[in-house]
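Next up, some structures in structure tokens.
Each of the next two complexes has chain A plus one more chain, namely chain B in the first and chain C in the second.
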Partner chain A sequence: MRFTPLNLGRWILWSATALVFIAAPLVFTSGFSLTMMTQMGTLIIFALSYNMLLGQGGMLSFGHAVYSGLGAYVVVHTLNLMGKGSVVFPVVLLPLVGGLAGLVFGVLFGYVTTRRAGTTFALISLGVGEMVFACVLMFPGFFGGEAGVSTNRVVGKPFFGLTFGPALQVYYLVAVWCFLSMVAMFALTQTPLGRMANAVRDNPERAEFVGYNTQRVRFLQLVLSSFFAGVSGALSCINFEIVSAENVSAIRSGGVLLATYIGGVPFFFGPVVGSIVFVFFIVALSGFTKAWLLYLGLFFVLIVLYAPGGLASLVLMQFPLIRAGRWRELLLPYALAGLAGLVALAGVIGLVEMVYRLSEPGASTVLSVLGVSFDARTAPPWFAFAAVLAAGLIALRITTRRVGERWGAIQADLLAKAAG
Partner chain B sequence: MTNAIELQDVHKSFGTTKIIHGVSLGIRAGERHAIIGPNGAGKSTLFNLISGRYELSAGRILLHGGDITNLRPYEINRKGLSRSFQVTNIFHNMSVFENIRCGVLWTAGHRYSFWHRVGALKDVQRRAEEVMERIGLAKRRNVPAGTLTYAEQRALEIGITIAGGASVILLDEPTAGMSRTETGHVVELVRTITEGKTLVMVEHDMGVVFDLADRISVLVYGEVLATGTPEEIRANPAVQEAYLGALHKETAHA
Partner chain C sequence: MEFVLVQTLNGISYGLLLFMLSSGLTLVFSLMGVLNFAHASFYMLGAYFAYQISVKIGFWPALVIAPLLVGAIGMLVERYGLRTVHKHGHVAELLFTFGLAYLIDEAVHLVWGRQAVPYRVPDELDGPLFQIMGSQYPIYRGFMMLVSVAMLVAIWLALTRTRIGLVIQAALTHPQTVEALGHNVPRVFMLVFGGGAALAGLAGVIGGNAFVTDPGMAAAVGPIIFVIVVVGGMGSLAGAFIASLLIGCMQTFAVSLDWSLGGISIAQAAPVLPYLLMVLLLIFRPKGLMGTREG
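The block that comes next holds the complex of A and B.
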């Protein structure tokens, strides 16, 4: 009988995660970062629940916002009833209401969507998403039409002195639920259903021949996943105090796909990384530039092409090197490649920003970089940034080849050592 | 005594092509039964019909006297029939241990549980370790199945099949593509793991067949030409004519 020795590591990892949740607002104290972190926590739950489908069950869904969005609608009405005094319920437990609502809709729609796997599943999930979105606009009585339903989260008696009015209290509410959800979803991967979801993803045929109904496995996995989607929907409702058609839209469903994929589908923690980066893109970048969506799209394409395991895979790839004490040999190649990447990025940003200035009516076409002003209506800056981009790309090509060679050599070394 | 498997006038066609026409066959409980026949005789199709991978065009199949005709593969598996595949059919991204565990979970009664931690299920753990020991992959426990050697993957294929403890085992060419020594190992493995169970196997290696089988059925063009003990089959002139003779000539020339 052997015991897996990773339990200690796991405890350390989870404790560190909890510490980060607790300490984050003490380090990043501004209201802006607090808003951002609250959204990150909400998206982390949503993306992890999405990865229960994509990463663990092999189900590519284009309509996951249905479950978080409908959960949010149920919660917004619950909150309004609580405000009127006709329902008494603690705000802290509202995510549970959202979760249960998500779960009920998961049972309802999942019964249809999970009958098939693969492309058919993806298409049906897209169809269900569009259908729900249309219904939301069709019944403004409940869903509030385009404007949505707004609410006030400060209702009822304070919970141990917490009213959830201040943003910091909302952050900690999200943090606690996010941590609990993370633990719960990780635990689910370690159950018979969780393991068989992996089996069904890898080889559905064989799973049937060891006694498992693959359709049932997919269905249960989706139902559990929609519970957590509902939890995240409830938290976003509490945070923004409004729920609208956008909450169930294909844009939301696409967004969670991007966040999950950028972070890394094959790894449990991938979507956590992805959510942090994604919210940063949306909230922080959108304050600086109107082209943020374009940058996000570009980033996504690069990830899909060059790091299909997401950011998490890039990080995890370094672990064997660090363990073998060989990471120093890659520092210089990495730094050079990073530098080349920054040059190329500067070229891209210059060109994109000029395009946006020109296309926007009434905007000033004069930009300035490092104290140098130039006009986007003249040719020289275009040539300059194109040249920067070209130089960056060529440098990137050379430096990444160097990284690849060095990497391959070390890998071969380690393999030879392991074999000998 | 009822047969472990009973095929009653089983037919299978793909479109207008008839692959199996009118196979009736009884596999006795506890015997090791080999199905032989030339390529394209329908041996694998017969396996796919028994295990629920294909639907029958006509006829009936009974397992321990109960009707399993056109049940889904998982339903048939739950009734105690487990099969292996000719083309290795494993969970490539999972470790050897996890592969075996997938084969254990359902029969151990854990079904779709999402309230148990698999690591804490001692019965599953013990059974998986035992199966790995048996198929000789205990040392490769944590290796991803996709990176195993061919012979190891074949052993794992058998391991997943027997992990659930099914009483009727169907093995589709367990020695396909193996060297002499490897084949010898597999024969011994199959002999031990099927002790007290019913075995049906499709096999091309006549050495293996005559070594292992209590009875042999010869399938030619989707029909059973003969069924009998190895001696009876060897002495059967029709079989000689249709199959063994040709094979002997082939090997004599080679």
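The block that comes next holds the complex of A and C.
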């Protein structure tokens, strides 16, 4: 028996997470923020389950929506059967049904996809995803074709007075399942399987020499991950009361990849951050501009290029500085770089919005910024925004170099201090 | 009989088009280890550029200019994107091209709208080429085959008979040695990536008007060429060639047959067939048809 001290920080962190889940709807009371938070909770489960593959197992999947989507289809049919009265089952436990369905499909498809690793795994997962999508459109009897299958979540006897009719009750259902799934997935990272998955990700050859079957480790990891994907699919089915071909599509699979990577693949909490940012991006930005997907893509590419650890890594990078009490030295460089970034962003937004206004039939080509209105069909605004963009980019180059220098110097100081 | 003949010819011309796409993808993959997720987006860009140029100048200049433009974009992407992300490993490179595909698709939406553009076959190539037992065969299909074959022969000659081709072949297996001999291997990478993009662009120029030029064309053809690369065996040009023709013919025949199995006609099942082939092949021959690399 090994002595394991109580990890206080971890307990505080998890309790705080639970508190946030409980308190969030009390702070943000509007219906709009409630639907947004429900979506965030669903996506958090989905993104964490995705990170079981990408972050912990090194498997880049382009078809993860298959498991959540098919789980959602099974749940929607279960709900409809419950509505007809032929099956009696509590709505609270429906995510379990979705999870089991996801798990079964994980066993089925995982057997094929996990035979290979690396790039080939990525391609095969894409192929399987496309296959399932095509099949869903091929059998409209079960899958409802393009329109999908709709349902009603208020069925059966109320569960301790909860009917899950009101959005608030759905939020708490999602929150409870989200919290449980987070704990379960974190616990999984601590098990021997979770550790072996890391080993297979980092060095499959050595893992094999130690005596593990890498294919089986990948398979088990994928099966468990598809369980949680199924749970999230079930919750989204309960939330939206409709499941369509879009739920298994490549768009969904790509979306969860974006959310996970933007948050930060190397950290357990990364996908949580990513999901929150992603939903916010979609819901908030899509109301403002038709080009929101372009901005999202641009954001993703920038993260891949310059912050491969995601947003979580950017935050965690500051901790050693704060601990050493030297964060003040970086305030000015950060502020300048941020300013330069904003200028460049303004240039990009101006150009993109003008392109969109010109191409969209019927859209007005007259835009106004800060009270100055201009026509996108004339040349001057193009030159102006291009100049703003160029200036922003040059400034960004200079300021980020200063941040890098300052950062490097402090880091070297800290290392020298630690060494002696 | 004539049905089989015409469909075979159609299948081969489609298969050759697929090979123009998959060959660039395979070459880039075996040279740089990067699977270019945006390859199909370059195909789409080629079609849209060709449409824009053929509206302004004409189809024949577009046939030359559009692939060159796409190739130039490819080189820029390699120089300023892939090279930056290279140090983070292959997954980061794949993700970068994935993000790029996203960006290109959205940019196309933004610039040309969500509807298909009227990119048509030029008049001089419109019409029947010959007749076989009563059914006509369009000139444009023949032209597609001609361009594809000419292109493939040109690439084969360039790879085996020219100095730069030999350097590329050497860099495939021994990049360090080639660099030590004084060749600029990063520049070779850039050229090959640009060349692959230009090939995809050319496929877009001749495929865009034969089929349809809309913002969904990248998403429609992308998964198919990835399946071809897996089925043929990662990094094998010969495998990609066989798989392209196989899947090209399979798709063409499946769409035009009206047999049915258990209530589902073959034509309805056509979109699933390539993926089914991939899954079956992976179960029985995980390396792919001609594959040597283990993933």
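Keep in mind that, in the parts below, the second predicted complex is superposed on the first by the 414 of 420 C-alpha atoms of A that agree within 3 Å, B and C clash if a C-alpha of one lies under 4 Å from a C-alpha of the other, contacts with A are read in each partner's own complex, and residues count from 1 in each chain.
The rule is short, and it goes like this: a residue touches a chain if its C-beta (ideal position, glycine included) is under 8 Å from a C-beta of that chain, and two chains touch if they have at least 3 such contacts.
Every value quoted in this text rests on a predicted model; they were computed, and no experiment measured them.
Q: If you stack the two complexes on chain A, which partner ends up touching A:188: first (chain B), second (chain C), both, or neither?
A: Touch partner of A:188: chain B, not chain C.
Q: Applying the document's definition of touch, where does A:294 land relative to chain B and chain C: first, second, both, or neither?
A: A:294 sits against chain C, while chain B stays out of touch.
Q: Touching A:50, do we find chain B (first), chain C (second), both, or neither?
A: A:50: touches no partner chain.
Q: Tell me the contact category for A:385 with respect to chain B and chain C: first, second, both or neither.
A: So A:385 meets neither chain B nor chain C here.
Q: For A:118, decide between first (touching chain B), second (touching chain C), both and neither.
A: Only chain C is touched by A:118; chain B is not.
Q: After superposition on the shared chain, which partner residues are touched by A:278: those of chain B (first), chain C (second), both, or neither?
A: Neither partner.
Q: Once chain A of both complexes is superposed, is A:228 in touch with chain B (first), chain C (second), both, or neither?
A: After superposition on chain A, A:228 lies in contact with neither partner.
Q: With both structures placed on chain A, which of the two partners, chain B or chain C, ends up touching more residues of chain A?
A: Higher number of touched chain A residues: C.
Q: Which partner does A:267 contact after superposing on A: first (chain B), second (chain C), both, neither?
A: After superposing on A, A:267 lies clear of both chain B and chain C.
Q: For chain A, which residues belong to both interfaces, chain B and chain C?
A: The overlap between the chain B and chain C interfaces on chain A is empty, containing no residue.
Q: Which bits of chain C are touching chain A when the two form their complex?
A: 29, 33, 35, 81, 84-85, 88, 90-92, 94-96, 98-100, 102-103, 106-107, 109-113, 219, 223, 226-227, 229-230, 234, 264, 268-269, 271-272, 274-276, 278-279, 282-283, 286, 294-295
Q: Per the contact definition, I'd like the list of chain A residues that touch chain B in the complex.
A: That would be residues 1-2, 4, 187-188, 190-196, 198-199, 202-203, 205-213, 216-217, 220, 224 of chain A.
Q: Give every residue of chain B touching chain A within the complex, in rising order.
A: Checking each residue of chain B against chain A gives 51, 72-74, 77-78, 82-83, 85, 89-94, 98, 101-103, 105-107, 110-119, 121, 125, 129, 141, 160, 163-164.
Q: Give the list of chain A residues in touch with chain C in this complex.
A: Touch residues, chain A against chain C: 54, 58, 60, 62, 112, 115-124, 126-128, 130-131, 134-135, 137-139, 250, 254, 257-258, 261, 291, 293-294, 296-298, 300-301, 304-305, 308, 352, 355-356, 359-361.
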